[in-house]
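Per-chain residue numbering starts at 1, and chain names A, B, C and D are given in the order in which the chains are listed.
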């Protein structure tokens, strides 16, 4: 298998206006920087973006908000972004906030061919409004769950540390986050990696995302890997 | 009256040998600093890490290694990374022994509100709804009263809920309280705080039985 | 009339560049030997492997490396191991392009029976029910008639079902047939086999349109 | 954390008669050989065993069948075992056969705190009898699914390649199979490993089962790792 494409522009070339796309990453950690830049360059509009966060004003998905390419965000947390706030308050941007675990598990459900899952997250809150609930016995007591549906995304765009032409992916540290589930959940999955190695170089026991889930892969460049909250301690 | 560090120190005393603990943003994050040395405790960060260590030394920050508050961190020996589905999987499956998080309001039946204030910019619930819906044991670190002096320990939360009937214990600047079927049960007073002061600061049902000891910190 | 190898060779022609393929036990396993050299095809083994290679050389067997038939195997470059939940996850999510498996009976609406014979020891369905329920494309490798000469391509399966309305194509010792809303559609005859012989061997509805070519193998 | 126990005897000491236990492995590949031997030695009876297969006559779970310790098997495939067949036909042994993917996913559900999952496996077959079904839209068409419940097991016993005192586990090749999901699904999880290494030696990016799921761990000994179907090719 050789799923290698030249670059981000080629990888995203058929992402069209009004599509639903998933973008991996948590905060600015493990985000597909190259593809976001290519989407901004291409200028595709009206996107529904499923991503845990919406970047900051001048980085990550924030860049696509500046250019008004996003119609709707489905996220669990969208702080740290003034342009986001402005568009949301003016109604330019539609926002659906869902619990982080629900977001992760709805991706997993799509990747594992499960049409819906049950979670207790949001029971008794406004998240539950309009949703089917169901009680199950858990540890000998009845507990209520929400039924949440698998996501249905045209494209998933993820960022991995290493990958091979088969599309096998390995993530690094907490840059893994949502990337593996989104990689499984896209109808078409695009992976950008820091290092693209020949088939056979990745340890088959250590692959996080098997290539069957990945349709296009390329080695990205110029990763900024910006840090959102630089917290340090002094040496004694 | 306790300051933030006092609250963190008092909560740290609830952590036991062998616990897996999830710490929320704010005061809960400070709790990590007061876990007794030598106690085996593993910190879970819900973005996908077991075995969170302290902040890195200056110059050793790694953009790929952050906690759920997006702060640069380190790992300890025996740590493991995993994806967010597994992370919330282990949370839902109640493998995390203790969850510590902040709150804007708590009601006397254990409801919690900590994600949304109508009329203000809503940033989202992040992982809070998942954590409170599943945790075996939840301790809330919060202020007993707001800046206007109004109680945040209520008969019923005014703010939109994060979760229902889930809080087990509350540590505030004034007191330590459990949630019981009869309401908030006062367990300990902060140094220099009277039972009367706590009564006045608590709008929800408050159970006071016998002498209420002053809490011991350090 | 085709032998097992002939059936395997004919099925191999259905495999296309870039396919991920799951091969069942028996004749389907043989198909791997006839995939054209140079064609990029990845074999999935549902116990947890993508990139299955040929049997190992003598002395190089590895007890930790087996296929779904519990045979010792090897891997090819670019392989990946995963657990059985992910394996059936990718099967349910229809990421596998083609599933090839054996059958005891197939009905003219695409039902398949291949796991249980009443009165005989039942060994279990293994992964067959998962595979047939989810596969995008299923080709069945089977005998057209049983030892008593009775058709196994039926209006309705007599044996307990493995899955309903799932089979797309059938390759037998006599013919290649598609499942259509009108029943089995005859596509090709095995070398030396007449349409009449196939008619006589097929109990289910059989659609024969125009000249039926003899199949070309090798 | 130090979850290390001395050996299999200590690890299984509180497994009682009539409990439900899960045993990892596929065929004879990746099975907890040491714990099975200890269970035979202890003589605990009336067990319900959840395991994809039931071993062969003289190895794996077959050893526990010889000693009549198993009341019920929940498996997807139970061939290659004459004693099993005999006990099943005489009614001494209760057998529940379920699809392999359903078995795997019911473990995953337990480990991920999902009370039930939906699968199309078994729809329209005898597996569906008595089960709730539900239709969902999949790729634009209605498709029927069965609701299957998460497993509830007192103990899970798994076999890994490497582990550390925290209980972190790494599996090798296809010996991974059901082990990671069962490790997540037991109320108490016991892991036997070929090599127990100090905390910090396993690459945190390559751990298959994080230690939080594992309660007891020990380094096993005398692994036979029997091959069920030795298939080879000749060198040219």
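By definition in this document, a residue touches a chain if its C-beta (ideal position, glycine included) is under 8 Å from a C-beta of that chain, and two chains touch if they have at least 3 such contacts.
Values in this document were obtained by computation on a predicted structure and should not be read as measured data.
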item	value
Chains touching both chain B and chain C, listed by label	A, D
Chain at maximum distance from chain D, centres defined as averaged CA atoms	B
Rounded Å distance, chain C centre to chain D centre (Cα mean)	28
Between chain D and chain A, distance of the C-alpha-averaged centres to the nearest whole Å	32
Inter-chain centre distance, chain A versus chain C - centres from mean C-alpha coordinates, in Å	36
Overlap residues in chain C, where contacts from two or more other chains coincide	75, 81-82, 85, 88-89, 91-92, 94, 134
Residue numbers of chain A (touch at least two other chains)	105, 112-114, 119-120, 171-173, 176, 204-205
Chain contact topology (line, ring, star, complete or other)	other
Which pairs of chains touch, using the document's own definition	A-B, A-C, A-D, B-D, C-D
Residue numbers on chain B that touch chain A, as the complex places them	45-49, 54-67, 69-73, 75, 81-85, 87-89, 91-92, 94, 111, 121-130, 133-134, 160-164
In the complex with chain D, residue positions of chain A that touch it	105, 112-120, 136-138, 143, 145, 170-173, 176, 203-206
List of chain C residues in touch with chain A within their complex	18, 20, 40, 42, 44, 50-51, 75, 77-82, 85-86, 88-96, 134
Residues on chain D engaged by chain C in the complex (per definition of touch)	26-30, 52, 75-79, 85, 88-89, 97, 99-105, 107-108, 119-127, 139, 161, 171-181, 208, 225-235
Sites on chain D touched by chain B in the complex	1-2, 110-114, 164-166, 168, 184, 198-200, 202, 204-205, 207, 210-213
